[in-house]
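Paired with chain B in one complex and with chain C in the other, chain A is shared by the two complexes that follow.
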Partner chain A sequence: MLHNNTRLFFWGGVLVAIVLLSFCSSLFSPYDAYSIDPLSRLKPPDAAHWFGTDNFGRDLFVRVAVAVRVSLSVGAAVALIAGFTGLTVGLLCAWFRPLDLILMRVCDGLFAFPSLLLAIAIVGVLGPNIANVVLALSLVYVPSIARVIRGAAMVVKEKNFIEALRAQGASSGRIIWLHLLPNVISPLIVQVTWVFSVAILTEAALSFLGSGVPAPTPSLGNLLLEGKAVIFTAWWMTFFPGIAIVLLILALNIIGDDLRDGAEPGLKALPVRVMRQLKKGAQRG
Partner chain B sequence: MKWFLFHRLMALLPVLFVVSLVVFCLVHLAPGDPVLVILGNDASPQDIATLRQQMGLDQPLLAQFVRWFGAVISGDLGHSLFLNASVTDLFMQHLAPTMSLALYALAIALTFGLAGGVVSAWQHGRLADRVIRSLATFGMSVPGFLLGLFLIFVFAVRLRWFPVVGYRSTNDDGLLNLWYLTLPAIALGFRIAALISRMTRAVMLDVLQENYINTARAKGVPESLVLLRHTLKNALIPVLTICGESFASLVTGTIVIESVFGIPGIGSLIVDSIERRDFTVIQGVVLLITVCYVLINLLVDVLSYLADPRLSVEGSEN
Partner chain C sequence: MADPLDEPHLLRVNNLQVSFATPKGVVTPVRDVSFHVGRHETLGIIGESGCGKSVTAQALMGLLTPRTSRVDGEIILSGERLDVLSSGTRRRRSGRDIAMIFQDPLSSLNPVFTIGFQIEESLRLHTSLKRQQRREKVISLLEQVGIPEPARCASAYPHELSGGMRQRVMIAIAVSNSPSLLIADEPTTALDATIQAQILDLLDDIKRQSAMGIVIITHDLSVVARLCQRVVVLYAGQVVEETDVVTLFQHPRHPYTRALLAARPSAGREPKSRLDEIRGSVPALDALPQGCAFAGRCSRATTRCLEDSPPLRMLGGATHQVRCWYAENTGSPS
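For the complex of A and B:
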């Protein structure tokens, strides 16, 4: 247990450090993420430019910091929107049978798409910008949240106290709001953390393909895309954004795993828990 | 078995219907008029009206959907707006590189995943186990395209063991094909290998607690046989499930990996079509891949059922 706690604190610390560094980057570096300096293009890392400069002479440290900020914001927006929509859909489906039949078919259909594929198609058709990326990713991850919430709420719905409430004449709205909702909060938190980290990964992949966050706004994906073009000469342009994304995702995944263990202690026994977890992992692609 | 298959097939129908509805809506979400995309902004109103009529865009949405759905059912996914080819032809032309990449990646993932899982379970708690588990956690957090860039940098740019980018058809030279695909396949398969090794380790550790393993050891069965024959066999069904579900990661992974390594497969087709705003191709390819994905999951269900009839009880409950 102690081992687990040190691990949680370590990776929690890493996450906090990344977030602080990205939001307070102006304290450490005088450069601007967008100002071009043709004279110092593709400089390797030194005391002035910690992470070197890119092919327009922009400071890479500041750009990586802004990119982390963009990725975190996209992830947070998607987690919020998908979390809220998924919660609403899941609760309504669990309570109202006819709605369940329609909405769950739609969710099954959306769930059948490989997620990155659907996201690429939506952003590709709507046009690449941050709002469309958030919209596409939210739509892609709503079904997985709705399914989990619906499942959890169905279990609660069968409990005796709900029947007692109905016998007392409590309205549907009151039961859903005051009695179902509090009982699905912990699976909701687990799902939302998961969506947060997958959304960051998927956004990076989208931007790397050029159908995500458009230049000149830096995002972890499009920094790597720019890095790929100069991989022969400027290793730092791939290295630093790469390190940033790996640390960020590792921290989020490890914290998420521990949260899940805490939220569902009954499922700790192998292999059921591992299978569920790994199944989810496989669907992340 | 018959009923099992029947139920599964019946459950697929609404899913496939919703999938095609979503795919149809996708194109109609697009801002701007597809006719203007094809003809350009300075087309004459007459030309626009004619083309619109030809494409059936003057009809109500529902009628358009019925027409499109009917065509799709009969196997006609429409024509590319830009290339003089049908969507099905384009798909088939780009299928070979993607298939060989995906199968190669799956082979790598299975080999290293199973080996890693077995060693990890055998060396439970020791150094080898810890190394493999850390690698697996790492593997699940690294995006495939980043790993691809790293492999290019180390093995192609620095060591020059492998080509940087490109693809050779199997028709030219099978070995050359494998040589070009090795780095992309590793980048694509690493994540799945990580999943498989975690799964194999977990199930094997679980099985090693069983009484019949004690019996086998007491009988004097060599440890290698206990591990490989008595224990590993039980881990194979969950691994099968993982392989089926990995199809999604393989497909979406190839889209990105192909763009890293410049492989002319389905992924490049999608990315190019998006750049050209070739809506019918995007629509058709997304639909085809999703249907394949749904069918492969069905196949995995059936295979697991055949491998372990106990599952049918759970299967009928769902």
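For the complex of A and C:
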């Protein structure tokens, strides 16, 4: 179905491995992410502490695992919330001209701020906790999804079949949700995977700057922040969270890219091809 | 509401006028158009590009958005005025009482759904049939429009079908709720000649079986000759001639109609000879002339034509109307 299968499978495998490692970290390590052990503080990686320990003697492997879990949850929540909101806003803007004028100006306003600054401002007003970080990041990424969906939906809206549906007596709501929506699924998937990875990155930046996930909850950003103070004496405290970010973002971006390549031949192609593939599978099975 | 039996015509359009607000000002692509369609009757609306044919069809279906356009006049279907209905009521009527088929069958179907789903959609919108009944109805509709292997077609996606097949599917969707009036906006323009003939035969068959009225909008005189009983000729948004099809072809009275007929290629013509043409083009909607709209292209135009717009008037019997000062002058044009 998608060309470049090996690349997709490799990075898919990397992503699955990271997810499994982070969610099943207790199988590999007996330590707790929050219990302090002053006697073994700042130990380099060894057989007991795979990633070493931090300045409170907490096991870094477990803390990175929990941080990846936190980051993935934040990313997924942002992708879902921004995806749904952006889809709704985009479709409604494409369909109702007067609404378009209002909502798109609001989006322009949000666009005018650098996304990181806007996120810092929102978290600053609401207070730093995970829910507010998710809210802030969702708000930051809704406009870009809404714009792409609006553009795609406006193209589809001008197609004859929409007028034919109106001539059949279909209501606006039915046309938007049943007929327009499946035609913009491909750009939506691409946008949502992009937001997923960018949200993780922005969350890490927020936490690094101290206005993201608050300590003691580990997140990839605040682990880097803690490591920064001791970067010359305990390299592992910045190295492992850094590697985790790089692998996670790379995997998500490459998967998103390949999905886009698969979707590119036409707006309609991906859902049709997915359906076809499923049907073929069903016939074989 | 009038008793439908008092109304002799299935559809009657009185003084239809459509205006659009554009950045350059208000343009009126359909001006004071009146016509009627009887039950069991096929009416042809002909004219060249830009003369208001498709806008008329959209106005009949209620497809024009009130925000950018203004529709005046009466549209009366089976004795009931459609133009005064609320948009919601109007919407529930379209597809059930009036159906429409479009020019381009290639883009008239949603690419992400199967044919069966899309025919079912019109049943879902207007009937309370159960899923299984809908499936059966879909198969019988596909059979009715002459599609071989209807079950397989129902589970196919639009891109797997040829243009002719897709137009058959569009016709199946249009007739699925047995409308009393079918509007066909250039139904064969996008198809090649043999398929055109098949689709026209199909429309004729369906009309015979279901006794509905059909309005065919076309620029193709052969379509008119083949299907229609009566013809309305539009020019620059006005009716310039209305008569039965035999009179139209044998005794056209308006210079525009004559010129259209003369421009047809015919079998007896000298090879490689130049076809007759109508010089110039339709006047722009924002620069309509003061007098007769056709005067600028008419070989017989006089100063009266340039100054005064002729009214639509009866000629001979009660069925022939022409908008020309010199309609009685039957000498050959040129």
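Following the convention adopted for this analysis, the second predicted complex is superposed on the first by the 262 of 285 C-alpha atoms of A that agree within 3 Å, B and C clash if a C-alpha of one lies under 4 Å from a C-alpha of the other, contacts with A are read in each partner's own complex, and residues count from 1 in each chain.
Simple rule for what comes next: contacts are C-beta pairs under 8 Å (C-beta built on N, C-alpha and C of every residue); 3 or more make two chains touch, one makes a residue touch a chain.
It should be emphasised that the depicted structure is a prediction, and the values quoted were computed from it without experimental measurement.
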item	value
Touched partner set for A:211, first chain B, second chain C, both or neither	first
Touch count on chain A, higher of chain B and chain C	B
Overlapping contact positions on chain A, where the chain C interface meets the chain B interface	271
Complex contact set, residues of chain A against chain B	105-106, 108-110, 112-118, 120-122, 124-127, 201, 204-205, 208-211, 224, 227-228, 231-232, 235, 238, 242, 245-246, 249-250, 253-254, 270-271, 274-275, 278-279, 281-285
Touch list for chain C against partner chain A, complex	61, 63, 67, 91-96, 99-100, 102-104, 107-113, 121-122, 125-126, 157, 159, 170, 173
Chain B residues touching chain A - in the complex, by the definition given at the top	14-19, 21-23, 26-27, 29-31, 137-138, 140-143, 145-146, 149-150, 152-153, 157, 191-192, 195, 198-199, 202-203, 205-206, 238, 241-242, 245-246, 248-253, 255-256, 259-260, 270-271, 273-275, 279, 282, 286, 289-290, 293-294
Complex contacts: residues of chain A adjacent to chain C	97, 159-161, 163-171, 174, 179, 182-183, 268, 271-272
